[in-house]
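Look at the two complexes coming up: subunit A is in both, with subunit B in one and subunit C in the other.
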Partner chain A sequence: MHFLRRLLYMMLVIVGVSMLMFVLVRVIPGDPIAKALGQGADAASIKKMRDQMGLDQPIYIQYFRYIEGITRGQLGMSLVEYRDTAEIIKDKFPATLELILASMTLAVILAIPLGVVSALKRNSLTDHFNTLISLIGVSFPQFWSGLMVQLFFGYILAFLPITGRISGPPPMAITQFFLIDSLLTLNFPAFWDALVHLAAPAFVLSLAPLANITRLIRANMIDEMSKDYINVSKATGMPQAVISFKYMLRNAFSPAMTMIGFMIPLQMGTAFVVEQVFAWPGIARFGAEAITTNDFNGAVGVTLVISVAVVVTNFIVDELYGVLDPRIKLRR
Partner chain B sequence: MKRQFIWMTVLSLMIGWALGGSLQVAYAQQKPIQIRLGNAMAVPGLDPKDQTNASALNVANNLYDTLIYPDPEKKYVPWIAESWKVSPDGLKYTFRLKKGILFHDGTEITAEDVVFSMDRITTMGGNIATNFKTIKPGSTRARDKYTVEFNLPDKYPAFMASLFLFKITNKKLVLKNKQPGPYGENGDYGQKFLQTNEAGSGPFALIEHKHGDYLKGKRFEKYSLTKRQPNSVDEMIYYFIPEMVTMATRLQKGELDLTDTTIGPSIIREMKKNPNLVVEEHIWPATWMAVINNKKPPLDDPYVRRAINYAFNKEVGYKQILAGGRPLQGPLPEMLRECKDTYVYPYDLEKAKAMLKQSKYSADQLKEFKMEFAAVATSERFKQIGLLFCSNMKDIGLNVQMRAVRWDDICQAAQKPETAFHFALNANTAKIPHSVAFLVWFTPEGHGVGYPMGGIYYSNPKVNELIRQGNEAMDPGKQSDYYCQAQKMITDDAPVAFGFENIAQYPYWRYVKGFKFPTGAQYFEHRFDRYTMDVNDPMFRKNQGW
Partner chain C sequence: MNDENEKIQVRKEGITRGLIKLSRNRLSLIGASFLLAAILLALLAPWIAPYPEDAGGAVHFERQLKPPSFSYLLGTDESGRDILSRLLYGARISLALAVVVLTIAFFVGVPLGICAGYYGGKVDQVIMRIADVFSSIPAIVLALAVSVALSPNLINSMIAIGFVWWRSFCRLAYGETLSIKQENFILSSKSLGASDLHIMFREILPNMSSTLLVKLTLDAGFAILVGTSISFLGAGASPPTAEWGLMVAYGRHYLPYAWWPSLFPGLAIFATVLSFNLLGDGLRDFFGVEVE
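Right, the complex of A and B next:
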């Protein structure tokens, strides 16, 4: 029952967002058809293309046709790539998702020990150093960080590739995630190739969430340190590492998980800078171009993808809360 | 015995090392010669009717071929067509095709393919079709297996030059892969198929295209229109890299052999210090101008427009904002200029003020007008030139504010004189290398087109008549004379603020041979069947892993 109710809310959010975006891209000024046809396009050519795309119909008819297209797995022709938006998303979305998941994984793996150590050694040199790292992460623009990483690791040291997702042949497509596909097919050269290509952009994209998650874990750990059960645990002779990582971190991590869940879909919006700098063939870059060129179908398609990602990750995060804190499950 | 054993071992090792080394050299020599080009813009799709940007045009020139080929001296030379004739009334163009020219699937190009290709473009519409809008679907005919006839309802002097954009497509292959669609027995006319596949006859055949990532092509071994030279390119790879600093880093690292012209002048300046790189600089056949809306006061007064031209400091524009260039002489780029002695408005504030005094508007009236200069928001160069322009206008008391807007907004606004911006910056390129492609914007035919130049709304009956006479003239000398007179009159009326032609910079590694500019038409400078590599250059071996 709980699951069905959540599913209904998710559907309502997705439909609402798609409707809003559908209308917005059509009412804001700008004629993408004229641009798509290029200089010299006369009124007759523009009208022909508008008719072919159904843009001469009333907006509610266009929307119903759009929904009808979705049932057939089509999201309308993109004026950026002249093919169906659903195909574009199918091609590019796995690249962006792989990048975001890699960056968030890296951020969490680094943030946990940094946050815990900062809390345990509060106001020490280690704490101040970690704070500095966090500040750098949120202050420096991704654009600049990306170019510096390319210059240093890609050009001067020359041990990371500068752009792209893979140099050699990609692994056989199963999930479209190169790391997973290469492991599933035991293609270790492709795995290594994909991993080294992913390293730099994932690192750059992880800097901002790393900073935020570190600060949050640190603050929550400090809160936990003042609680009675910690004093009791210490009094019973429990090792500090066990107290910190098994008990304190579990409680301190819950708010961080909310933030992580919120960040994943947000990263889809901000990833376009990293995708631009590293020429990563993802959906975020396509989405940014769709919006600036007023590509109706592209913009709505990408928005749909992001809204689905938001509702799904929120759902997963909510369910994970129940795992971390059984009291939440009981209350439901 | 022991000594013998040691000598045998050393000798064996030496022989083995020598053999291994020679095997490596032999293997290295068998590797294909690649050319790796960095491009800022991704190719939206492979359909030859939708060549919407520089990358798409570039790629199409390698995958497909045309009836004629551009030549900087002769304008065009036979290519797939071996000869042609034009009817005295200029309405019928008959081409005789060469025999034995093959598509990539091994089938021969015939007149039917040419007819199909033109019918496809004119029926479906699209970007390239706007250049052939006078041709009706079904009017192109195959007279026999190798003779094709184009029938134009009206004279179109730029028809031959337009053919550089007309790519011949394999009819059988396209129809074999057609999907259901709105074009009767032709289905979707192969639209879905051609988005991700090619049906051409060019020097390179497509291997793979990953949208927004890369495109790979390999040499078509049966290509016969150019002679294969030693060490010519076997494989071409386009890498789509939107960020110019990233592209420059890859070039300098040796991961690219050459790039397009998007790398900025400050980075090029550093590259020039690298002895392994060559940077060629050429005047790009584009006209940078500030489009003026001739309908909106006070810009409806030619004296005000002349004043604007005198006040615009073009030299700062092309020397300090762009990589270099020269001032524009009238509405045509140098390569198409019909007369070489066209007036250039010098930067002269006193003359500008004197012009304003002659206008129908008083100084107080001129101060009251609040005008807008539209520059594309995503281009730093456009915005900087816009700021320069606005600052220059302030010097003569004109109130112009810059607005950074989207390209679409400028195009849409241009469609009506009431909505067209007072000024809009545009760099008009010579995709079709013919004067009429530029002059059309200064006639009523160009009014209201969804493109910045459509917002000029200038009309001078004498200019219209001269251009019409030029279009009608079959003799090239007479045509040039009419266009020259029109060019001078337009310059005098100053319907736009004439800016400059800029320098395009082409960086490449020293082992790349065969770059040629001008080629006679744009985007043919990266036709890779004319390129060779110096395979003995150590940098080539290092960069390509030989």
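Right, the complex of A and C next:
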């Protein structure tokens, strides 16, 4: 029952997003078709295309047609690429997902030791230093830190490529994640190529979550320290490292899971500028272009896919939270 | 009456002690001083900028892309304008953006959140479900779309971000209201016949003021990040406005040869946002509140 209600509620939010975006892109001043066809287009061809895309219909009819299209797997023709938005998203989504997953993995790997050390050496210089680092991490304008990483690692040290996802031919498509596909096909040059391309944008994108996760793990670890089981474990002579990393970290990390879930929307948003800076061929770059050029189908399509990703991630994280931390289930 | 005086006395002492405690937090102090300086510099920009005319669309072909020197401390941009002067004027825009965005977000989000939390039931459902819809679109994306819909310019981008930002204030006020509502003093006000409006805005609202203050400080920085990002993507301020994000967007075309037109504006954004975060972090510790 609980599950069904959540599912229904998820649908409701997604319908809400679709309506909000649908109306929003249609109140944009100016005729998107005339703009897309350029100055040379005559009135007749503009009208023809408007009719084709259904823009002559009242807005609620347009909306129902759009929903009907979704059931057939179509999201309407994009005025940026002149093909169906669903196709574009299918092509570009893996690139964005690979980037975001890489950045989150990097953030978690770095945040765990930072957070644990800060908590163990609470109020030491190391701790203050880590606090400062995490505040710095969330304060970068990512479009700028991206450019500075390009300047330093790409131009000055010249060991990372400046833009793009891969320089050579992409590996055979299996999962569409270049790192995984190249490993599966034992294409090691492509793996390396993809890895160096991924490194800089993933690093830039990982800074904010790194800071937030570190702070959360630190706070949770400090909470755990005051609990009785720590004293008991110490009394039995268990090594501190085992207590910290095996018992405390597990309890401290499960609340961080929800946080990581909530960060996905933030990351999708940040990807809008990071993909732009690194010319990353993902949906965020396409989305930014679609929104700024009045490509109404592209804009609604990308936003819809992103919010579905957000809502679904939150749902999974909430459910997973109960599995990781059985105490939560009891409370419900 | 005496009791009342005593209470005030205690409260005053608490504040003094708090201020001392806060001033011991060196990082917050650095943040607060930098912000104060930034506000002063922004206000005094027309008088202290070395080349005030460069804040607009001036073009000096004879000094395009000059590296930092004594006459142009931070160098000049692609039109030969002094970057330092433009940064000073840019501070006005970014600080104004934070004020406008937070004002809109505060006055829309907080009353809605309090109402939803206080009345519960259908009011709660309707308001919070709308907030959920807004929360499931990343702030930058929705603000970008709204800004374009309003026709992209600086003022509209501020309104757009405010339009997006209310939801986080709404959620915060909602959560706080739910917990404050349980307190006994609310029950006693109710039994004395206080009106709903009185309870919501005279009893509940003051009790979340420290949480809101921390939220406002931290969010000022994030609002500036979103604002400059939107200008960077071309849906905010338009050239030749001296807006920091826009300056980075134009400066990037001259990398790696000329690094100064993109380095310094970004550094200004970073320092301002960091200061808000340092101050907000100190305030958070000081009040002992948690802000999502």
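Quick note on the criterion: the second predicted complex is superposed on the first by the 311 of 332 C-alpha atoms of A that agree within 3 Å, B and C clash if a C-alpha of one lies under 4 Å from a C-alpha of the other, contacts with A are read in each partner's own complex, and residues count from 1 in each chain.
Here, a residue touches a chain if its C-beta (ideal position, glycine included) is under 8 Å from a C-beta of that chain, and two chains touch if they have at least 3 such contacts.
Everything numeric in this text was worked out from a predicted model, so none of it was measured.
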Subunit A as common anchor, with subunit B and subunit C clashing or fitting: clash
Contacts of A:P281 with subunit B and subunit C, given as first, second, both or neither: first
First, second, both or neither for A:T163, with subunit B first and subunit C second: first
Partner chain(s) touched by A:T292 [first = subunit B, second = subunit C, both, neither]: both
Which superposed partner A:L184 touches (first subunit B, second subunit C, both, neither): neither
Which superposed partner A:Y155 touches (first subunit B, second subunit C, both, neither): both
First, second, both or neither for A:M238, with subunit B first and subunit C second: neither
Which superposed partner A:I306 touches (first subunit B, second subunit C, both, neither): second
Contacts of A:V17 with subunit B and subunit C, given as first, second, both or neither: second
First (subunit B), second (subunit C), both or neither touched by A:I133: neither
Where subunit A meets both subunit C and subunit B, residue numbers: 29, 147, 150-151, 154-155, 276-277, 292, 294
Residue numbers on subunit B that touch subunit A, as the complex places them: 44-45, 47, 50, 52, 125-127, 129-131, 133, 192, 195-196, 210-214, 239-243, 245-246, 249-250, 252-253, 255, 378, 406-409, 411-412, 415, 428, 431, 437, 440, 448-451, 453
Parts of subunit A lying in touch with subunit C, wherever the complex brings them together: 12-14, 16-17, 20-21, 24-25, 27-29, 128, 131-132, 135-136, 138-145, 147-148, 150-151, 154-156, 265-266, 268-270, 272-273, 276-277, 287-288, 291-292, 294, 299, 303, 306-307, 310-311
Contacting residues of subunit C [partner subunit A, same complex]: 27, 129-130, 132-142, 144-146, 148-149, 151-152, 221, 225, 228-229, 232-235, 245, 248-249, 252, 255-256, 259, 262-263, 265-266, 269-270, 273-274, 277-278, 281
Residues on subunit A engaged by subunit B in the complex (per definition of touch): 29-46, 48-49, 52, 80-83, 88, 91-92, 147, 150-151, 154-155, 158, 162-165, 276-279, 281, 285-286, 292-294
